[in-house]
Amino acid sequence: MKNRGKKRLIRLLLYFFLILCIITSFFPILWMTVSAFKPEGEILSYPPQWVPLHPTWSNFSYVLSKFNFARWTFNSIVSAVVAMIIVIFIDSLAAFAFARMKFRGNRVLYSIIISMLMVPIQVTIVPLYLMFANMNLLNTLIALILPTTGNVTGVFILTSFFKSVPQDLLDAAIVDGAGSFRIWWSIMLPLARPSISAVAIITFMSNWTSFLWPLVSVSSDASRTLPVGIAQFFGGQSGVSGSAPQYGPAMAAALMATIPAIAIFLFLQRYFVKGIMMTGIKG
Amino acid sequence: MKGKKKSYKWVPYLFLIPYLIAFFAFRFGPSIAGFFVSLTRWNIVGQAKFVGFGNFVELFKDPNFIKSLVNTLYFMLLTVPSLVIGGLLIAMLVDQPLKGRTVARTFVFMPYVIMSTVVGVIWLWIFDAHFGILNYYLGFLGIKPIAWLSSINWAMPAVAIATVWWTIGFNMILFLAGLQDIPNELKEAARIDGASSWQVFWNVTLPLLTPTTIVVIMLTLINTFQVFAQVYVMTGGGPSMATLTVVQYMYVQSFQYYRLGYGSAIAYVIFMFLVIFILIEKKFLKRFGDES
Amino acid sequence: MKFRTVLLVAVAVLIFGALSMAQPLQLAFWGGWTGPDGNVMRQLVAEYNSTHPNVHVTLTTMQWTPLFTKFLVSSRGGQSPNILAMHGPDVPEFASYGLLTPISNVLQAAGFSAKDFAPAAWNGTFYKGKQYAFPLDLHMNSIYYNKKLFEKAGITPPTGWISGKEFLNMAIKLTLDKNGKHPGEAGFDPNNIVQYGIALYSLNWHGFLEWYELLRQEGYNFLNPSMNKIGYPLQAGEKAWKWLQDLFFKYHVAPVGANSPLQDFLIGKTAMLEDGPWEIPAMKAQKGLEWGTFPVPQVFAHKAVWGSGHVLTIPVHQDKAHMKAAEDFVIWLVKHSDKWALSGNIPAYNSARKYASSLIGRNGFLKEAEYVAMLPRIPKESQVFSSASVSPIVVAGQNILVRNQNIMSVMKWMNQQINMILAQ
């Protein structure tokens, strides 16, 4: 009896924290959402106005009619998805080698790669630009995709996860005579589904919000991504920019820009399920 | 078996080659080029002038740089513990079989996908001393308005709060993936042996989570040391350089003062510091791992 | 059969040729207008495109800082835009890098001369005696006022220049604490002010600019004539800072450490605001706000106000055809800059400026047009007059106007820092 009461209390407490998490993370976004539906003069009102007095679609129609928003969204989605797929593929191959194979220079090579995490990415911008200018690849989606494929985070995370997969699962497959590629494809990848989807999410999002590289590498509107496109009509801090702030369109655009990213997130987070044992036995 | 393995010595390299090509071309190469830039004086458009380690010498005499370094360490002190521990707690929460956990995962992660400039406006609206909503609601509790972003004492904590809100989803995702990798059977076995929830967490979950924890701590250290966007959009580094961070200083020198050589030198000092951090972290965690 | 094939090919070639001939020349135009001013420029560009079918101009807007970064990096890769907007004081830096084309002959050929433009705007286009830019507009500080709050306080808003004393009295009358008392009255509570007289920038580089215009009102220049050292007497600098600092800490007529003075003014927290004409669209958008402008107060002997101006430049790295087309577009733009006044900015071209006087709220700016004091034009502008947080002028403004520090010691530190940058 007592135990059940305690369990109930714990459950209640858990739900309380769950709701707390939802509220604290959503509350600032709620303001963004509400602001997107307000006319400009109402947005920074005081005291805070949670329901728009004169709700309007004008911010959305402004963004969609004056700018090539659909094109930017398309570019963002394509470059982020393609980069994500390439990264998962090549990073999981490399991580498999680093985590489970013995070869000359394993540790040295791995250390060199990890050390690059510690060099701020901004330092690569100008050299990368000159490189892509030489290859005549500026203003292309390729220029937006390729630099991401050299990322380190994915290899780092996957190697660490691959290391923790129990060796007996792999041994069973080796006894069956499976080659390295078979082991990688039909044992490692299914086993590491949660971590692979974590890397996929992180890679996608870092491309999705990336600003500096897309800014310098792309000039034509046809290959612009969302963050750079939105920067066209939104300067951030007022007073420094020398342009009057225009919050409404920026909020509407930011709101629309989160939708594809959330969809990708929802799609990938489904793989955060416990299914390890089930798929492991198949080998 | 053994003979087979011997004849395929090149197999690991086959696995590595696609990534290594991308890595050396797009990450390592440009970074090394950046190192050579750090040995020069260069405004991007003109001719680079070789100055040896002159930029590094200047850097350690530059009071702004020292200040940015101290500020960054303070920022890490404020954010790293809550990002790591908070990330773990939230991940454990949304790992439970609760209704609405997908919604919670999504919402916690959502701030991470919003553009930095928009995040800046959102937090300006929250923290503003006059029309900010935080002060408005604190007023009901009888708390006097605080000039969050314009006081040298409050600006950094304000940036830290925004950072936790913005990036904790990243750590949550990693921890969640780590938790998923722990077989349920192990936990259940412990429970059947009569272990309490706390004991299960301390003796089973946490030790098995150690590889993930190492990854998360390392990435959090690196990311917070390289904090840039939050500061750039919320305070710009002010007031009186109270929120100036190292990467922001590097950005200002490289892209606002057009001193790319000096900026690159800052990048390589950041690199040195991070290497030291990570070595310390590794030693510390190794000992921690041995004990448990 | 064969004849028909030949014919078909010939027709195809002809069509293709005609199409490629009809393909308009593409011009890339970059500018830093991210607010409603960007819309006005986009409209002007659209008008040009529709009346000039053989040229197509594409406007890219973005905040100035990343825009200039992008410009430098692109120039290095030989990909600079065909037309780049900037401010007068930016010209020497980019000209000294060899990135801008001298254009005095083009201006002459188009029939423009100094007397067609506001002097400050025209002078802002030169570097080392060569002209590198077309003057587009002027934008300077002015005082915005809230008509309703003035009425409530029983004050008639001035229309022309007023003295510092008159201004201060007005600001005091417009500042109210919880009990309706003004600063200086017995029982006034500076910790519970509900309405302030004026919103002043103090956290960003506009704090320095407010001081700079006061220094110019005293008749001094910031730098020495050869532009390689600080050139103003410390006492003059101190007097100017003191006047500003007192508005915050002695008279309590300006809120300390305001993150967004514009918003404070828009929501009626302050009765006045010192800011530039680019905020005019924000004023118009605010529901229920009735506003006007008058010149900044003349605190010292001379009339002077900080200002700057957008100019249009033709970057190098382009072929003759593009350069010619870019020049034609810029000339057209300057001639049609009356409509640019809708962005708030005051056109530099004299005949275009007349239109601005018919628009609401331009009074203050138009009265100031001949007293605009721009920042010194030096090649190290991006470092000396930077708006970044490490910039000595920004830190000095914050230390004096937000943290109420000793003026002399802050100013000496600022001067030393700037001399150091100039000596590098």
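Lettered A, B and C in written order, each chain numbered from 1.
We adopt the following convention: a residue touches a chain if its C-beta (ideal position, glycine included) is under 8 Å from a C-beta of that chain, and two chains touch if they have at least 3 such contacts.
Nothing here was measured: the structure is a model prediction, and the numbers come from that model.
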Most widely separated chain from subunit A, with each centre as the mean of CA atoms: C
Chain pair with the most C-beta contacts: A-B
Geometric centre distance via CA averages, subunit C-subunit B, whole Å: 37
Centre distance in Å when subunit A and subunit B are each reduced to the mean of their C-alpha atoms: 15
Multi-chain contact residues (two or more partners), subunit C: 66, 69, 73, 76, 204, 260, 263, 267, 269
Per-residue overlap in subunit A, given as positions that touch at least 2 other chains: 44-46, 126, 231, 234-237, 240
Contacts with 2+ other chains: residues of subunit B: 44, 124, 130-131, 236, 255
Residues on subunit A engaged by subunit B in the complex (per definition of touch): 14-15, 17-18, 21-22, 24-26, 28-29, 31-32, 44-48, 86, 89-91, 93-94, 96-98, 101-103, 106, 109, 112-113, 115-120, 122-124, 126-128, 131, 146-153, 155-157, 160-161, 163-165, 174, 180, 184, 192, 194-195, 197-198, 201-202, 205, 208-209, 211, 226-227, 230-231, 234-237, 240, 247, 250-251, 254, 257-258, 261-262, 265-266, 269, 272-274, 276-277
Residues on subunit C engaged by subunit A in the complex (per definition of touch): 28, 32-39, 42, 58, 60-64, 66, 69-70, 73-74, 76-79, 81, 139, 201, 204-206, 260-263, 266-267, 269, 275-276, 278-282, 285-289, 344, 387
Footprint of subunit B on subunit C - complex, ascending: 65-66, 69, 72-73, 75-76, 97-99, 203-204, 255-260, 263-264, 267, 269, 382-383, 386, 388-390, 394-395, 398-399, 402-403
Sites on subunit A touched by subunit C in the complex: 39-42, 44-46, 66, 125-126, 129-130, 133, 138, 212, 215-216, 219-221, 228, 231-246
Subunit B residues touching subunit A - in the complex, by the definition given at the top: 1, 8-9, 11-13, 15-16, 18-20, 22-31, 33-34, 37, 44, 90, 93-94, 96, 98, 100-118, 120-126, 130-131, 133, 136, 165, 169-170, 173-174, 176-178, 180-181, 183-185, 208, 211-212, 214-215, 218-219, 222, 226, 228, 233, 236, 247, 250-251, 254-255, 260, 263-264, 267-268, 270-271, 274-275, 278
